[in-house]
């Protein structure tokens, strides 16, 4: 019962957040909505017993990514809708009717295809008995350190690379005189 | 006395280590290096003396030491191939060791005085040490391969010492000439080693003797020549190179570019004698190969020819150089006429008096800084000790009785005379004639040198007045006097055991001919009992059972023949005394009394004189004709052929063929393929890009739409 | 799961060096050089470790050190490495010479230092690969890849005519290796494309004596035909007489270190090919052609020596002397006796050290004079009086020259003597003629020495400095090797004799 | 109620929202938000499939790596945005249409 409630709640928050991200015209708000959506996803993880995943979701997204985005938003536009030297807004608008139109058409085409597939998938899916939810952390750790050790190591290099790369890219440089 | 590594090896190794050490320290510690070098050879001398004394104590013909060790071993599986090195000491080696170390010690001592002011004082001793160790190694060798190794090492030292004054162009030429001429002989020597190796399986002296005794050489041929002759001639060519026999004699006079002490040591006393030593060691092979007459003729021509050239030389060292060649010729005659121990004795006596002569000449040169005899004269008063030493040596070399040269040379000439009168082969008559003729000339030119240098009035007063007065000095003229002492015949023809009387004409029971026996066909069977031992093993031979020393001059001859030979020997002895005095008298009347005018001779035989001055045109022939006109242009031609013709046409020609094919295909490629087909394609592509460029808008969202739609389409087609 | 074995370490160590050099920035030349030096020192140390682990009594491959891992299993190609008594001296020589070459290039190379050292290390790896491969395909790969760094090293850092020399070298060797490739493919098919079709050891032993094949309607012995193919392939590398003309060009144009490598190591790859591949796989044909090979070797000896005598360029002279000396190796191989074969392998090693000395010495004097004429084209002397001006240089030059000449007590003599002892029993005439090669060999070297070192000092060389400490440092190991192995050759002979003996026994059965 | 179908449906909805955001927005940072949504959708899918098939947690691993990659992407992406803003004084996506200058 509790699980079902949690699931419903999480699904609502997730989808609601996602939709809000779509329609929100304020970047800052959109970001907060995204946060909500991510929280929802964490809940959805929890519902299927993915406790570690849910925790990671919260820590990394809520604690890391979204905060980073908020910083970026604040760094890139505090001064309102000024026009820059190239004739465009400094902080771009959140879209207009034309873009929404194109986006809608694309989404519809895409949805049609996906829904068609999903129907097939769900039809073929046998009703299985759900395994009981058990703590996954220990098993995950074992799998990570044995079967997926290569991917694990590579991801560590990736993170390192991203760290250095981000630092190098965003560092302001002096204009070269040549 | 025990013969172990520690009692024998130092003879070679001490000078060698002195060389190694000096090579590093000589630049900074010149004096120390010189002392080390001289001390090292003196220690060697003590070791050699010890061995000599031991051999004199045993006093047996058959006493020998033969120790070996494995140098390297290639045996693998069924293949067996080992190269052993070792020492072989018999009576001959013991004497030789004493001579080499003794002479080398005195020459080292002399050099400390003679070379003292030379800027390369220390370096000279470095070479000397290497040389003496190589020479001693050669003497101690038990096999031909190690003889060859040390032989070549000496060649290298000789090369370095002749080229000692390397800033002089002539020294460079002379050193190269010396090395190359001896190298001709060496190459043949190596061939002889290979030939012997193929028969015997190794090249140990004793094993070669055994093989000869067992008849292993019978019916073997190499290149259609009997193998014994083939190997014998090859080895003898080595001797001819090293001992400067005609026609390979050209290098020795030029070798005088080196400092005088090195001429004394290398080009008079030791290295050049090594060639004769080798031939003596290989005497059974020469005998088996029927080449004794050939050897005798070569020796005779050399002895006489070199003596004639010496007549017209004015450079004091050149006279000595030619006299060395001539004396080496006598030793070779000795081998050729079967006078084995006299030949070896002449090697020893010659080494002593020639070393002394060279050192005396060095003393003269050092004193007046000039080598030309016409500018000397009257130096007797300035250089009394040198004069005394040189006088004794001249007596010895001229063959005056009671002196060493007489003892040895007389015996060689006696044996030559025996063969000339009794042997069916008439060539020996020529050999005897050349031998006696050479003896006359020797006496003449040696005293000519002596008279021109020390007697008469000073011809160049400037030089005379600047000559240093001689004082007795331990390292200047004492070595000369010691050496000159050993020109007395007594030392060689005496008896050490008291068994026989001291016989100045050299016949019975004297130690030299008692101990040193010819390993001829009749005595080779002894060697089947000879056995080599590993170094470090216990000496198992019982000295008591050794053959007692008995001088057996007339072995296997009838009473009548022996008597006849004895008679001829006496005739020969008297003849050589007369000839020697004639020579001395002629020199006396020409240069002291001046009753005979040398100018008359030179003008009367002008063509001959010219030939002699030009050394019989050997140099012109070798260098001028064969090398300059033959070899070098041929090489040039060959090199041009290689690069200019062979490489250019035969190899790069392929490239031209390719280029031709390439030109055709290029035309085809350019006109048909490229212009027609390829460029056509290019034009159509250019048309297309006008259209396609619009797609590349750079708008990411546009791309994204396309991606999503295409993906959707793709998935659609997959799933239905 | 086993770790990387010793042979692979030796083989890949230079590649690690290449990566390191590539990672370092262009401007840090000292760092690049130091890194390359350290790398080659480690490689050399590893070869010494290999020597210490080497069991001299085993005639064949050292099983304990061998590697055999599938590489391209579909074609039965293996990453197979091994070492025996024939390859070990060559591996040691390679390790030593590359180390010294890095030192010699320290000051002599001035442009594109990074690329130069990377290519040099790459070259070392490929050369080691050739000497270690036991898989024919792997062997061929290394043989070919070796051309690439060599081509650039000659073509970029060479003398004024370098492009010509580099292209010539490349095409010539390539031509030979194509013939070899034909042989490899033919062997692959004739053995039924089986597990051992590229296995050099499994192919050895004379398994192709009876096969024939039809060529242009003629029945040809498989063994003889492909022996000739392989022979030409390897002979070009040696180089044997009609295929030798690339050598003087390549040597004259190549920079010093590359000449050293070329003469010291690369030429040995040809004779190594005979010993490892052509002779063991086709022993019957080797025996059949032995006399012809001996004559070719003789021509090499005499022809090379005579051509050398006519040269006025020192480097060209030494290049021709290499032709002459490699002729001795061919003679030893043709003898097919224990003495001759051992002598040949020893000569390969000894020629490697002595000729390396000569090329280094020429490089050192070239650094000072920027020409190499003994006699300049206008007839004036190029040097003269070097003995007075550069005493240390002269002494080391003398050691190298006499080692090259075969003076007893220095290394060249023992190998030449063994070769002569080996060949005399088989071909007396050839021996007698080849001995003249020794004579001419002494002549051209001494004549060169006389013209360069004796006499009064040429004013042009008045201000040449004597050898620097660095130059002495990289000559000393070679001097030591030349003298040590001249007096005491057992270390080298012991390591090779079992393997050589096995090969001789194999040849003797045909 | 908690079954594969519902999870796939939620994931689908998230994905469509992500696409809409990606295409409709002209603001680069907003587009990044869309990317996050898309990534979350796929991660959710993986986790769900694991649960409703054999429960061997491989899907969790993939989801974890997706989170990792998302974090990295966000870091680098935002770095680029900030740099871009420094250069162009803009975060309008149409400003980023050229490859050079």
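Per-chain residue numbering starts at 1, and chain names A, B, C and D are given in the order in which the chains are listed.
Basically, contacts are C-beta pairs under 8 Å (C-beta built on N, C-alpha and C of every residue); 3 or more make two chains touch, one makes a residue touch a chain.
Only a predicted model underlies this, so the values are computations on that prediction, with no experimental measurement involved.
Separation of subunit A from subunit C in touch steps, taking the shortest path, is 2.
Of all chain pairs, the one joined by the greatest number of contacting C-beta pairs is A-D.
Distance between chain centres (mean CA atoms), subunit A to subunit D: 5 Å. Centre-to-centre, using mean CA coordinates, subunit A is 96 Å away from subunit B. Separating the centre of subunit B from that of subunit C, both taken as means of CA atoms, is a distance of 34 Å.
Measuring from the averaged C-alpha position of subunit B to that of subunit D gives a distance of 94 Å. With touch defined as above, residues shared between interfaces to two or more other chains in subunit A number as follows: 99, 102, 106, 110, 114.
Those residues of subunit D in touch with two or more other chains are numbered 19, 22-23, 93-94.
Counting only residues that touch two or more partner chains, subunit C has none.
Chain pairs that touch one another are A-B, A-D, B-C, B-D. Considering their complex, residues 19, 22-23, 31, 93-94, 96-99 of subunit D touch subunit B. Subunit B contributes residues 701, 705, 708-709, 711-713, 715-716, 719 to its touches with subunit A in the complex. Across the interface of their complex, subunit C is touched by residues 71-79, 81, 145, 148-153, 156, 159-160, 163, 166-169, 171-173, 175-176, 179-180, 183-184, 187-188, 190-191, 194-195, 197-198, 222-223, 631-632, 634-636, 638-640, 642-643, 646-647, 650-652 of subunit B. Within the complex, the subunit D residues that touch subunit A are 1-10, 12-30, 32-34, 36-37, 40, 43-44, 47-48, 51-53, 55, 57-58, 60-61, 63-65, 67-76, 78-83, 85-86, 88-95. The touching residues of subunit B, when paired with subunit D in their complex, are 697-701, 704-705, 708.
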